[in-house]
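Common to both upcoming complexes is chain A, partnered first by chain B, then by chain C.
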Partner chain A sequence: MNVALAKTETGRAVSETFAMARSRLPGAGKVADARRKAFESYERAGLPTRRIEDWKYTDLRVLMREVLPLAAVPDQSALAKAVDAVKAAAVENACRLVLVDGTFAPKLSDLGGLDKGLRVQSLRETLDAGADLPAAATDDVMVSLNAAMATDGVIVSVDDGVALTKPVQIVHVATASSASVFTRSRVQVGKGARVTLVESFAAVSGAKSYQVNDAVIVSIGDEADVAHIRLMDDATDAVNISSGLVTVGAKSKVNFLGLTSGGRVSRYQGFITLAGEGSDLSVNGVNLLKESQHGDTTLVVDHAVPNCTSREVFRAVVDDRAHSVFQGKIIVRPDAQKTDGKMMTRALLLSDDAEADNKPELEIFADDVTCGHGAAIGALDESLLFYLRARGLSEKEAQALLIQAFVGEAIESIADDGLRDAVVAIAERWLAARG
Partner chain B sequence: MALLEVKNLQVRVDDREILHGLSLTVNEGEVHAIMGPNGSGKSTLSHVIAGKPGYEVTGGEILFKGEDLLGMAPDERAAKGVFLAFQYPVEIPGVATMNFLRTALNAQRKARGESEFSTPDFLKKVRDVAKSLNIPQDMLKRGVNVGFSGGEKKRNEVLQMALFEPSLCILDEMDSGLDIDALRIAADGVNALRSKDRAMVVITHYQRLLNYIVPDVVHVMSKGRVVKSGGKDLALELEASGYAQFEDAA
Partner chain C sequence: MPAVQETVDRVRQIDVDQYRYGFETIIESEKAPRGLSEDTVRFISAKKNEPAWMLEWRLDAYRRWLTMQEPTWARVDYPKIDYQDLYYYSAPKKKKEIASLDEVDPEILKTYEKLGIPLREVEALEGVVRSDSENGSGERRIAVDAVFDSVSVATTFQKELKQAGVIFMPISEAIREHPELVKKYLGSVVPTSDNFFATLNSAVFSDGSFVYVPPGVRCPMELSTYFRINERNTGQFERTLIIADKGSYVSYLEGCTAPQRDENQLHAAVVELIALDDAEIKYSTVQNWYPGNSEGKGGIYNFVTKRGDCRGARSKISWTQVETGSAITWKYPSCILRGDDSRGEFYSIAISNGFQQVDSGTKMLHLGKNTTSRIISKGIAAGKSQNTYRGLVTAHRKASNARNFTACDSLLIGDKCGAHTVPYIEAKNTSALFEHEATTSKISEDVLFYCVQRGLSQEEAVGLVVNGFVKDVLQQLPMEFAVEAQKLISISLEGSVG
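On to the complex of A and B.
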């Protein structure tokens, strides 16, 4: 009955949006069929509600209400406005690949002088040339909606044995208001390659109440070394629902950090499958939320094979009336003996009205494993605050120092000094803005 | 000139009165020792002077350089020159000692309308003080007090005292948990800071510390009041006869 209700509330609007968007969506034949099927499976379910366990704390039918019409293809003035936002979001020395309102912007991107063995195309280019949509191995409805509606994205591949000299940074810039943006990208990392991937989400000033739905499909070969950083600083009245679908080969080292500081409603869902033995995965997340922001980080780490290690460290700082959600699931398949998986999540509540939900889950089907999790929610330690204040720090300064230390445990995982400093700078700006 | 004037101070914690009308005057350049048994209110006095939350002042006043101290936030008191060396300095993981010292020093200077220290000046100052206190450089790189021994924590308090140059230092049970060698190093550091403009209040259980930091005035506290004051010989008397006589007097 709920599903039927959903159709009348939101289903009709989105089917119109899909019908109107179709002419603009790249890909014919089998791609168009795949999109229609994906849309139908979305339409059957509608926006996820709290009745779906995976979306328990993030009821999009309440928080998002509807899917807005697609943003227009950016014109010259939109592209010109995006330049400053790209600069502000830029990581030093990176090869930037820019998507404005869901359309690849080659003129804003660094396509000249790419490292040898690094190849970049837009999603639209590959679909026009007859390629398939990058496939996502999940039945999540928001990923299905993404498959149906994705207007563009980037297709990145790094050849076997190549160590990139610069980070690859995918920059999403929103310039449109009251519109939706759907992007889908794929990153393929070859055997023995070394890659730093940065994803940034930002908006030009004046972009309001827009919706982002992004999916990135990452496949990492054997013996690779990947640092993956995601910085979500969308407008504070925007919605950002993003999915990362990552498959890791054997004997690889993968270090992920996600930082959420923007968005009125956001969800980052990472589905990471360890598919090759002897790999080492570190997943770190930080939510910095204030006012009435709702930020959800949901991670599923799937140990499909034996002898892998996974470490998850998540930190949430929640101020005002904000709401942080962390859901972490570790799955250990029957064959995945000698798995070593740990997850530690902590939330810091800075106000009486702040809320944090932590949901750790372990699903262990093998018998020779080491798995554990810990979760803690609390306020700043009064005795530490007093010590700092007795040394001359104001209440805000003392809090800022302790909050930096709190999130530092997750940020420390970034090996590159420049990138780590960039992430620390975002946290410092957030703290300074608390006033 | 009177630097600190505590007048008829009454303090409650929860529903219990801890200080029942305590008075104390400390002049510039003087070192006062406050002795007394457990539960006599020594630490409460030090916490109330520094502005620790959780204490309710129900009567009396504290003047510092003639100003009402009780109306000030803890950081304002620090900037005015009040320094409390903690009995149990807290560990602050993730906050590097150097970063903490610089942030604190510059916050105090800013509050006084003074310019911030330049990085080279700051580093030189810290290194010089650290060397005199036998504090190795690698300790300064660690989180504040993280993994420090009892003696190292107390030396870190003395280091801050030397760096911030307060006009009133309150040493709360500085000798607790220290062996003789550690005590001597810390006491030497404190003695080096004695000056005609600076006063110190040394709170201790035992006379032992006062062999190293020799006071001008000794007060005995019992049940929330100063029950006797005298010269440094009073400490020796106490060592011989114990506190029992004063518990009756109170």
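On to the complex of A and C.
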């Protein structure tokens, strides 16, 4: 399916960027080899274009043009600037891991009173100690580029049977302008463990036109219970291409919510493999886009074994000239009998220039399954607006209420009250800013 | 439940490998030299006595084709086709003008009999005219154009159609007799550069049907084309062009079969429909090309480009297809909803069994205001087949109040097959309202149990459920085809029950 493409100008530019960055990248020997191989596989394809089916609606050659040089290691002033952004993004009472411009910042992190059975290290530390680069089972070119260029990240592991009392939050802060940031993290959840993981992306007010490429490799053991929340609020002229690669063991319960409200161009691609029987997966996404933002959420749920349940709920609110993309795919492998998979995607267009593209795919190789998907695109219901207006609400208030209810269906899935309120607050801020 | 009983009986009678239309007719034929070059294009054009502009049009397409690459995005897998190893033109050798039924080549006559075209129509096909009293009044009649390999062998009811002003003739004749219409519309919906297979077709198409319905005319009978690939190693490239002028209506049926052979055969057709203001075209297909044997050997590669253009306001185009044959199907009958208030419909049943691969669906392109479309697709996968629905619904900036409803359901029978749904839904207009739903499941044990408990056998129960599953689409077919389609469905599924 992938079309062989001639190398372009941008392709050459990025090889220089890689050559320049090389000396700064942690890991020697086999890690350096792995990086070179990953870079070669990226270089063969270059930035994805619309001719690559998986990137049909997000043509990075047009939207991103080039990979910028690596951001410098943050100095004292950069770290000082990042403090406020970290504070704003912080969720209460969390074990907080902060990455500034792609470098782990222990001083901004909050590692006090770690739960027993929770271990945290920076990627650089582990690579320096001779560990391998966290491996990702995908041939996606942007994940390959990430492997080649990742400067740092966090390595989190939770032992078997441990129920964390506090959420683990990874905060990415950008302070640099016109530079790229590559981070790669791994989260390992042991058998029977309970974990709440929050990822936040934010920027200091001066950061402009930067690029983020993040990859998180999550492996979840049997009988675990994981809540995973991802909040992307990068600068509105930034590019954020992130990938989540998740493997789920048997009889686990996993609940994911991704909220995209920032970035000029963004793509979150989640590749979730159900590798153990009897697991229950819920994946939810919300895109809140305005002005000329382009937000792409791509979710691939792979039912590799029988008897799993997956639910996907996606909501997009698209205003001004923004462009929302949702690509969902449910794969049911030949042996994955008794799979129950549902996917529902809805988009709300608030402006005549807004665009929403949906591609909900089913790929099914087993017969004893129940799978379904639904997709709907439309504007706010006039009769509902009228109902609220008739009860004395202003046009804006009525719209805000309906939009809140619309995205609420996805946000509701968060079990933790505090976190849910925090996410609702972000949505409310976005609505208030609409004015 | 006689229909169900009939279905089940048929299932019992027929072996897995048996394809009803797999016979070969031994007749002398005339072929173009093997392979494809400018000379082949010139040969075909000369055979058809085409005017110079048509030859130029073909050559232009051929040159463009040389620069194109075969598409690879569909979920189908086949060995590379050697385009130089095919015959691009084959025609049954013409005997002298036929005066009565006795003089028709008995082999061709036998073929029609075996194909199940009623004798009355065969007579008509071969030009034997009966008086009306003999014909039985009040019966529905269908005008048939039969295409045998590369040429149209006969078109019936020409005279009566002419009285109504309807032009229905092989496209090769239309090029000579109505060049102004052909020039104006040919390639206006599917341009010569559209895609690899359509471009190839533009270069080498040999025959097909041409229909023109004048303003305000309701075509007095159903029009039908019957396609048959007979010769070995022959590609069939037919081209159909249907124009419904302002306020007219036409219903068109298409059927196809091919002999059973071990090697694969290529069929790359192009169908263009044009509906002007207030016109309506209903296009129905029962596709039953040879699907290959139970080991996946042989069968037709069906790479077809079908597109309708609702050019006028309030026009309507409706596609109905029953896809049961072909080793590989690559087919997306589409509607361009250009005129304001126009409507597009797509009803499809795609059944795959054995090693068949189906990648089919539709495109609804909403360009005009208040345009509506509806897609009902039912896929049934059995055996080791792969069945994909691929569809696009898009509303452009100016398509205010565009409406679409899509439902695509898949049924899986057996655990070695695959069913896939790949919808693309794109809205660039806030007043657009798109709804899409899809389900995939196997026949519920509860439902089967319910039927069996009431005295039906397992096979009867499956037949009943499947027929119920596809009912929405079958209802859209003209009556003659609905019965045929229902039988076909049971034949295609046979061997997969239980």
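Here is the rule we go by: the second predicted complex is superposed on the first by the 428 of 435 C-alpha atoms of A that agree within 3 Å, B and C clash if a C-alpha of one lies under 4 Å from a C-alpha of the other, contacts with A are read in each partner's own complex, and residues count from 1 in each chain.
Basically, contacts are C-beta pairs under 8 Å (C-beta built on N, C-alpha and C of every residue); 3 or more make two chains touch, one makes a residue touch a chain.
Source: prediction; values computed, not measured.
With the two structures aligned on chain A, chain B fits next to chain C without clashing. Residue contacts after overlaying the shared chain place A:D368 against chain C, while chain B stays out of touching range.
Of the two partner chains placed by the overlay, only chain C lies in contact with A:P334; chain B stays clear of it. After superposition on the shared chain, chain A has more residues touched by C, the comparison being chain B against chain C. By the touch criterion defined above, A:R391 lies against chain B but remains apart from chain C after alignment on the C-alpha atoms of chain A. Once the two complexes are laid over each other on the shared chain, residue contacts for A:G192 go to neither chain B nor chain C.
In the superposition on chain A, A:G161 makes contact with neither chain B nor chain C.
Vectors from the Cα centre of chain A to those of chain B and chain C enclose 80° in the overlay, to the nearest 10.
Contact with chain C, but none with chain B, is seen for A:A376 once the two complexes are overlaid on the shared chain.
Once the two complexes are laid over each other on the shared chain, residue contacts for A:G408 go to chain B alone; chain C is not touched. Once both complexes are placed on a shared chain A, the shortest Cα to Cα gap between chain B and chain C comes to 15 Å. Across the complex, chain A meets chain B through its residues 381-384, 386-395, 397-398, 401-402, 404-406, 408-409. Partner chain A is touched in their complex by these residues of chain B: 50-53, 73-75, 77-79, 83-84, 86, 89-90, 92-95, 99-100, 103-105, 107-108, 111, 143, 160, 164. Looking at the complex, you find that chain A touches chain C at residues 1, 3, 53, 56, 334, 337, 347, 349-379.
On the chain C side of its complex with chain A, the touching residues are 72-73, 397, 410, 412-442.
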